[in-house]
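Each of the two complexes below includes subunit A, the first together with subunit B, the second together with subunit C.
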Partner chain A sequence: MNHAIISCLHANLPAAEAVLNDIDRQGIDTITCLGDLVGYGPQPNEVVELIRNRDIATCQGCWDEDIIDGLNACECSYPSQLAERRGHLAHQWTDDQLTDENKSFLASLPTSLRRDRLLFVHGSPNSQHEYLLPDMDAFAALERVETAGADILFCGHTHQPYIRELRDGSIRVRLQNADHDCDQGEELTLPMRKIVNAGSVGEPRHGSTNATYVIHNDATDEIEIKEVPYDVGRTCQAIVEAGLPKVFAWRLSHGFEFAEQAEDASHVCER
Partner chain B sequence: MRSHQGKCGYLRLDGYPSNGLEQVSDSGIDKAFLKDQFPELIDLSDSHHASRSQQGDLLTLIELPQFQSPQQAGLMGMDPRVKNQLEALQLHPDRYLHFGRDPELPNKDTLEFKKLESFSLSLKASVWDPPSLNTLWFELVNGAYGDVYRAKALMNLPDGRSMFFNWIVSQESSQFLPLEEISAPNGRPASLSELVVQGKNLDGLRIQSTIDLCLLNDAVLEMHQMPLRDRQKEAIPST
Partner chain C sequence: MIERWALVSGLRGDLETYDLIQRDLKKTRGVTALFVLGDLVGPERNCDALLDRLKNPHRGDLKPDCIYGWWEEQLLAERGFRGERKADALRLSQGEDAVSALLNTVNPSHLTWLASLQFGFIELDCALIHGSSSDVGDNLTSETSPLILLDRLTRLNVNRLFTARSTKQFHLELTGGGINSQVKDLNGKREQQQEVPKRSVIGIGAGLNYTLYDVGSDKTHFLTAGSKTNPKGKGFA
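Here is the complex of A and B:
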């Protein structure tokens, strides 16, 4: 049976509606959302209510976490001072707009969802703030999937959709005691694992302005990355009218691949 | 200039205004960059050095802002007023290159400019957060603040380095060149730092407010520089 995975809606109502319409047209009625319903975009309440009203299973994104925890969750994941200051502006604006009811909904979201051997998270199983980039070290990537006990890990957060297959993986542990003659070792050969990034509905950064999402067939394990055009101009106009930084509209209207990344993208806040 | 065996000189002329076209003031970026690359560079705009223009082995780069295409190619197209100015310095140019026409300079300008706008900003003593600078430059040259035809800058980084940034619309990418001279990581540098942007529909206020978000305050600058100073101290063997 086909099910759809959406992520990073970022308060972009026209994009969210276009993607859900596309999913509906295909007769898919199981949808999982990987969070970041709010942040940067101009319609945070509308997007949260759309997800709530449709009763879509959702896990919490980094923006959803920060809007509840008052930016105390993890400020160290900003890749630059500029990104941090813009992020704070957007955070403050979103905080002012969101109703208490919608904040409560975001606070109630789990950090992960599991269906059999499928795991759904926003960033990584470790944190909503960790980026699993497509070129991440293969051992580290395999470790994330394996320790989470999943065959397929669905994530978002990077805004760049991808499917990564980790084949022929093995983890070898060798324990060397003080007595060097007494080595103990174990090697674990792993079946293929997959990391599937759904990209972004509301703020695509994959070289196109189209929203992206993923369809997975749980019988065949076929995975398809879908692109959906939407009325970008409508969202850009709403960003400007809301008084959010104009550069958010500019970035959205170009769909650049360029994205700021922290020096250590897999950094996990230990606070 | 790098392959020239003798001395090198530099002269910047103001050019002559044309009606209805915004004029360009000299930011000093080119001179500062060339002086860094060629410390022995003779600045011929300095009257003390002007007489040295007659040295036989001197290769002089003369820069001149021009606001309209020349009528003719080569030296024949040069404004007679400029010719007179140069003759007073006893300079006789061998070549006359023009953007958009000569193969040595870019000629695929993709934007039509009836009226060029110019925005410049002194960044003296400013120090950038490096990843923020990267983002600002990307946004600037890709049109987030208006159509940019030309952008040039000297920017200071917290580790004491200065970078020359150079962009022209017909080029595929920007040029980023580190300056040879590196300041001590001890507070704010005194070297020239400036941004100049030319284009149309430039939103100077938004450029300025974005830059304000990118510059380091004293406390953050000290956070960057203190470990560098400590490392330098460790590297000096104690006697």
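Here is the complex of A and C:
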């Protein structure tokens, strides 16, 4: 059976509606959302209510967490001080706009969802703020999936959709301790695991303005990255009218945030 | 010239043990640094005399460089040095009596100094931490999955991680292996191969059991204070 995974809606109602319509057209009933319903975009209440009204299983994203718990991320959340200032402005604006009821909903979200050997998180099993970038250290990536007890880890947060298969892994070790001077060499065979990043519905950063999500078939394990065009201009107009930083509209209209890519793929969030 | 580090942990207020180690080190050639990787305090005995000695070394003592460990973390949390956190891990694992006992073993005058201790040291390409960069309570042993050990080394970008939390003495070396990965995105597919770098995790022991590390030759010696074992007899390259 096919199920759809969406992430990082970022208060972009036209994009969220377009993606859900695309999923509906394919007759897919099961949808999982990996969080970041709010932040950056101009329609936080509308997007939260859309997810709530459709009763979509959702885990908490970093923006959702920050709105509830306050800003206390480590330095990896923003790649520059300028980006941090804009992020804080958007945080304050979103905090002012959101109704108490919608804040309560965000506060109620779990940090992860699990269906059998499928695990759904926003950033990583360690933190909503940790980036699992497509080219990060392969052993560290595998550790995240394996330690969490999953076969496939679905995540978002990077706004770049990808499917990463980690296979044919092994680690040879040699143990020496105070009791045994002799070597005890052995080889550990590592399991094959997958990380699937759903990209972003509301703020794509993969080089196109199209919203992205993924479809997974739980019988065949086939995974497809989907792109959905939507009325980007409508969202950009709403961003400007809301008084949010105009750069949010500019980067949305380019599909790539040139100044704000996480540069260090090996960074591990210390939050 | 030989350059050796002495690595000690788990003293838990035991000045007698620390004194034995200092005497050993005076008789050992080439020891240039003494690192005390946490658990200076513990609930079993009054720790004030040991803390005084660590802060104010005797003439002839190798001057210790200390970091904090799990027991300091519990003490500092309970005493309000960790924001809203309390000694929850201790309370959960050993109960309220253990928390009370710990509070009674350390004079509050030592708390500011304990709170000033660092989480760990990076020396050359080695990390010296009580647990790991993941957590001060991260209990790495020779039984821990090599995948997790490699992750802890990768997080720090070091070749050797000296850890103390388990209280065990071991030297686990990652000697080889690799992994393939395929990334598929909207631009297509790409294959990647990665090899396991030669890296080690070393458990330094606790209390009387301590470790010497020869910086130049990368040899580890597991020792017991007060015993007559020659470091050469237990050297691991």
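What we mean here is this: the second predicted complex is superposed on the first by the 237 of 271 C-alpha atoms of A that agree within 3 Å, B and C clash if a C-alpha of one lies under 4 Å from a C-alpha of the other, contacts with A are read in each partner's own complex, and residues count from 1 in each chain.
Methods note: contacts are C-beta pairs under 8 Å (C-beta built on N, C-alpha and C of every residue); 3 or more make two chains touch, one makes a residue touch a chain.
Bear in mind that the values here come from a model prediction, so they are computed numbers and not experimental data.
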{"item": "Which partner reaches more residues of subunit A (counting touched residues only), subunit B or subunit C", "value": "C"}
{"item": "Touched partner set for A:114, first subunit B, second subunit C, both or neither", "value": "neither"}
{"item": "Which superposed partner A:256 touches (first subunit B, second subunit C, both, neither)", "value": "first"}
{"item": "Which of subunit B and subunit C A:234 touches, first, second, both or neither", "value": "neither"}
{"item": "Touched partner set for A:140, first subunit B, second subunit C, both or neither", "value": "second"}
{"item": "Touching partner for A:85 - first (subunit B), second (subunit C), both, neither", "value": "first"}
{"item": "Set intersection of subunit A contacts, subunit C complex versus subunit B complex", "value": "none"}
{"item": "Complex contact set, residues of subunit A against subunit C", "value": "134-135, 137-143, 146-147, 160-178, 181, 185, 187-188, 190, 206-208, 212, 225, 227, 266, 268"}
{"item": "Subunit A to subunit B touching residues, read off their complex", "value": "79-83, 85-86, 246-247, 250-251, 254, 256, 258, 260, 263"}
{"item": "Subunit B - residues contacting subunit A, complex", "value": "129, 131-132, 134-136, 138-139, 142-144, 206, 210, 213-214, 216, 220"}
{"item": "Subunit C residues within the subunit A interface of the complex", "value": "133, 142, 145-148, 150-151, 154-155, 157, 168-187, 192, 194, 196, 203, 205, 209, 220, 222, 234, 236"}
